[in-house]
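Just passing along the structure, written as structure tokens.
Chain IDs A, B, C, D, E and F follow the sequence of writing; residue 1 opens each chain.
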């Protein structure tokens, strides 16, 4: 157990090193000229009002531009409910399992 | 075309039919088995006739970019004829041998299936088809090996499977390499790789040798064969002396003449090494056989030795060598089957399975022992028998191919064969002690076993006295490749 | 780039996040760990408010604090709290 | 018996929490928050009710069958909303393209299908949360 | 090195996220208690959410809700926020399911500690449970 | 009406099972209706996928692009039903039909009362829909959401089994799979930060332009994606959860988990590696070598581990680890032949593993035995079940004329084209080992004396399901032509990025 923990620790340190190098390399935080602020984001910002009628751009994206994702998101929630029920309601006989 | 389909499907249909027949109806089953075996024989004779007449039979299919074809040529036809003809004898012998034994239904069912598969090996027109039937042959004969269902049989079966499946895997690799380098896989149209020399060809030949060598029981890969002798005697006779091992030998002949071609093979280092592997196997096999007390094991090691005769002939790369190989294939198959039948008869009637207890058997079973004696002479390669001619051409071929030490090996091996079996015959006729159970020569059961044995011996003698009977077939093979 | 007050405020929040995350590993009492997780969620919601994502902040507050922590607390009524 | 004050306070506060949740759901297109946050708030108001007044009363308020229905048909509702435009030859989940009136931005009815979808999702999330808690709370009994 | 530090200081939210991620992963993989594993998963996920959201932020920007008051405002990128909204719901779902499983495990084994579960597996399920693997 | 359906085919494949799933829960009392509806849903999905295939064939190479909500690519979510999508959609829907047929009237013993069975079906349909979604989606974040649906429904299916070990297996699975999702999401985040796009095509283009500026980030993103999907798809050293989960799940669930769910993640991995990162980057970072090595290790280790298992379902589960190795290996060869082989093998393994697991489930249900050496005589008492198992085994071993062979052949040729001998050896050794761990089962079932107990073949729907799958193994093995053509086109589609 101890040896395994040490192994994981070493692995985590390795990951941390790469992560730090990556962090140093990533586009600087909070700049308006970063790659993410491209034409995609611009259209969401400028077009949300006219194209979807929502003031809140996040809602516009969630429920209109990327509504398909949100459909699956509700499905995830639905799945989780089903899974919880199927896990906990083991049927007749209370907590007994066969 | 119809003949080809008939030859191939007859066994499979019969096998499936037997599998669904009720176990109790043994007489009906025997009739069905006989009917479909004869059907297969008729089909294969018809195929042979057509091929010798120069017709081109071809059944081809596409398997996802891989062509898959059945196209018998003279060599395949010879193998097919040997297998199908001997199958009939074996089936009749089995009616006697298996009578009253357990698990008859799977036995006949798989025997017929293996018949189809063996003919498939013989008639396959490209490497993919050959690989398919080669692999199927392993799987269909496995239940026959474990026919006894004893622990020993199951162990032997596992060994059989592992050796052969591993061999098939190596073979698959070799085939893939051939496909990548040669661009095609069909046998028709000359050697596949004749186009040019490549560095890896030595390795390819090595892989092919290992792949087919497992079934052909080349010496370091032979260990499954003695183990598989736990099977019932007809199975040992047919499959492990003829059909299965010939599939390997046949594959090697294919590799030499259809995949590489004699020209290319002569340039390869491994190709030059092969005759010596074969020669080593010949000698080692028979020497090991000398030390076996159990009769079937002795025969098994002798099989290993004799299979390499055929290889030896093929690898001399000389027309006479090839002729000798084909002649040996025919003659040896007939006599070895008869040999095993004799051993089976002896064991069934007197319970003797060991050389050391053979004394006096000749007195109680004179006909069987006479057949035994004749086949022994055949194994040595004496004149009035078919194997003589094979050996003669092998000797000629090795000398003509410039490898005269091989001829010496052949002669020595003949001598060792004599040492191996003549004393057994002498002991059987001369020693006093009588084996305990009373023999029952004369019943229908024994007649069913004895008749095919004697008939085979007669055929062997006939081939020795009138070699012209088989010569046209041999000639066709030699003409085909040279 | 000089830090503004907002950045320092952010830094403090992030440090709290790291500290609570570490604390969660070491705390023995599971209920306490869950409470710390609640603190972690609140801090996260604040961070997101700082990062101009009020939608996320509200959702995190509802989901992370309300839902997850409450669920875990409900679970502790049946299972053992101690590690 | 167990905490009178708590029950009184809950009776006062919970309706407001509930209404606030509905408000968040409905104003998803206008202000921060949205159907998920709102749904969770609505759901948690019921959960709090069930925790304080006992799970039996909670179940009496929201029978299992209702939960099952809202759960399933809430998700279906989303898909049906997505199919509004299909008849007009526009793709699945289209909003403006489907010819829905977007309304006046800034008002509650703005955004075409967005509030409708949002309402469905909100109810669905709420019922999910209630189901989850009820299922887990049943454990102890 | 003198390149590294200024860049790290600029990207401090990412750095924090990386640290959180490592802590979370470590917790998931090494902590024997099932609850702590679950908390670790949550930490991991929120670390990634943090990365996403930070990448969409702009210093001095405003929240992506169009207000009539200042038409000149620099709105931040709304996409990461929208995505992470989904992410949070997913993580809540996973948490709920994992809690349900923990309850069921507790019902069977009477503990939430992996080490003890391994010990009790044999006596509860009647066989030696999971083979090596 | 037909025009309407035709115009919406790509999304129809996805939502047909989902929509029916949504209405099932309230119908729990009428279990027959639920079963029929579930069957209908999968048949609908198969019909849609088949229709989609003909449409895509008719378009001669240009994929069927579907913009959800009418939003054009960089903004909205785009579904691309190319050959790759079609092949996977066909596999998913095709395998799901017999599996749901097998489950009919057969789940009470393993799952429980009607409410649980209904929820099992709902989870099953959600899984199928989400997998079909994976086939056609072309959006990074959409993949993440789909992956989560698949993960949760898979874990739900595992925990549906009423067995103490099921919860434990499901928990391990859930935790590790969520760890994997977190890694995947991290990878997506890094890609998004560098490119600003979530559409795969745009992100791939942009990444191909900017990656020299961010070497570490790209490396981290690649490793996140590989680790993430590797955990979920049970690529060898990360496979620890798989045997427990697949062996304890109810049999239909095992079939679908081993046959399809794992493949869905692999498909996503391929989409990421080829579609987003692209061949140049893969070569630059030597990712393809790593994949090949992982594949080789997986084949050998998985097979050897399978060999040591005594329980039939566990043996099959470890076999899945080995077979995943083939697919990863094929993905790492970076040539069209290898990819063709991998995609074909993906399909064949889906069908074959479903056959094997269903047969194993039928055997377990009828005999109550799970260990291999207790199965003596099953072959004679349950002829159809065992015949299906035998056919499936032949396919998995890779005999010619069975479904598995062509895929292996192309993988072999592909490895040789890539000039690597190690994968070749591993593939062949894998075949032999596969024979070594499957044939003893068949031997015991057929050739050992049977005890005097009345075991029977399962009921009619179960028989029909086994028959369908076994027939598919044989028919597609004898006539792989059209399917192979599809796989080849799909591989060409992926290779277009290299």
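Rule of thumb we're sticking to: a residue touches a chain if its C-beta (ideal position, glycine included) is under 8 Å from a C-beta of that chain, and two chains touch if they have at least 3 such contacts.
Quick caveat: nothing in here was measured; it's all calculated off a predicted structure.
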| item | value |
| --- | --- |
| Given chain A and chain E, the chains that contact each of them | C, D, F |
| Those chains which touch chain D and also touch chain B | F |
| Length of the shortest touching-chain route, chain C through to chain E | 1 |
| Pair of chains joined by more contacts [C-beta pairs], A-C or A-F | A-F |
| Chain D and chain E, separation of their C-alpha mean positions in angstrom | 25 |
| Computed distance of Cα centres, chain F from chain E, in Å | 27 |
| Interchain centroid distance [CA atoms averaged], chain B/chain C, Å | 78 |
| Computed distance of Cα centres, chain F from chain B, in Å | 44 |
| Residues within chain A bordering two or more other chains | 19, 22, 25-28, 34, 36-37, 40-41, 44, 49, 55-56, 58-60, 62, 64, 66-70, 73, 75-81, 83-85, 87-90, 97 |
| Touching two or more other chains - residue numbers and ranges from chain E | 10, 12-13, 19, 21, 24-26, 29, 54-59, 61, 63-66, 79-83, 85-86, 88-90, 92-94, 96-97, 99-104, 108 |
| Where chain B touches two or more other chains, by residue | none |
| Contacting chain pairs - touch in the sense defined above | A-C, A-D, A-E, A-F, B-F, C-D, C-E, D-E, D-F, E-F |
| Residue ranges of chain C touching chain E (in the complex, touch as defined) | 1, 4, 6-7, 10-11, 14-15, 17-18, 21-22, 24-25, 30, 33-34, 37, 40, 44, 47-48, 51-56, 59-60, 63-64, 67-68, 71-72, 75, 78-80, 83 |
| Residue numbers on chain C that touch chain A, as the complex places them | 1, 53, 55 |
| Complex interface listing, chain E residues touching chain F | 21, 24-25, 28-29, 34, 37-38, 41, 44-45, 48, 51-52, 55, 79-80, 83, 86-87, 90, 93-94, 97-98, 101-102, 104-105, 108, 117, 121, 124-125, 129-133 |
| Interface residues, chain A side, partner chain D - complex | 49, 51-56, 58-60, 62-64, 67-68, 70-71, 74-75, 77-78, 80-81, 84-85, 88-89 |
| Touching residues (chain side chain F, partner chain E) in the complex | 141, 145, 148, 151-152, 155-156, 159, 164-165, 167-168, 170-171, 174-175, 178-179, 181-182, 185-186, 189, 192-193, 198, 240, 243-244, 305, 308-311, 314, 318 |
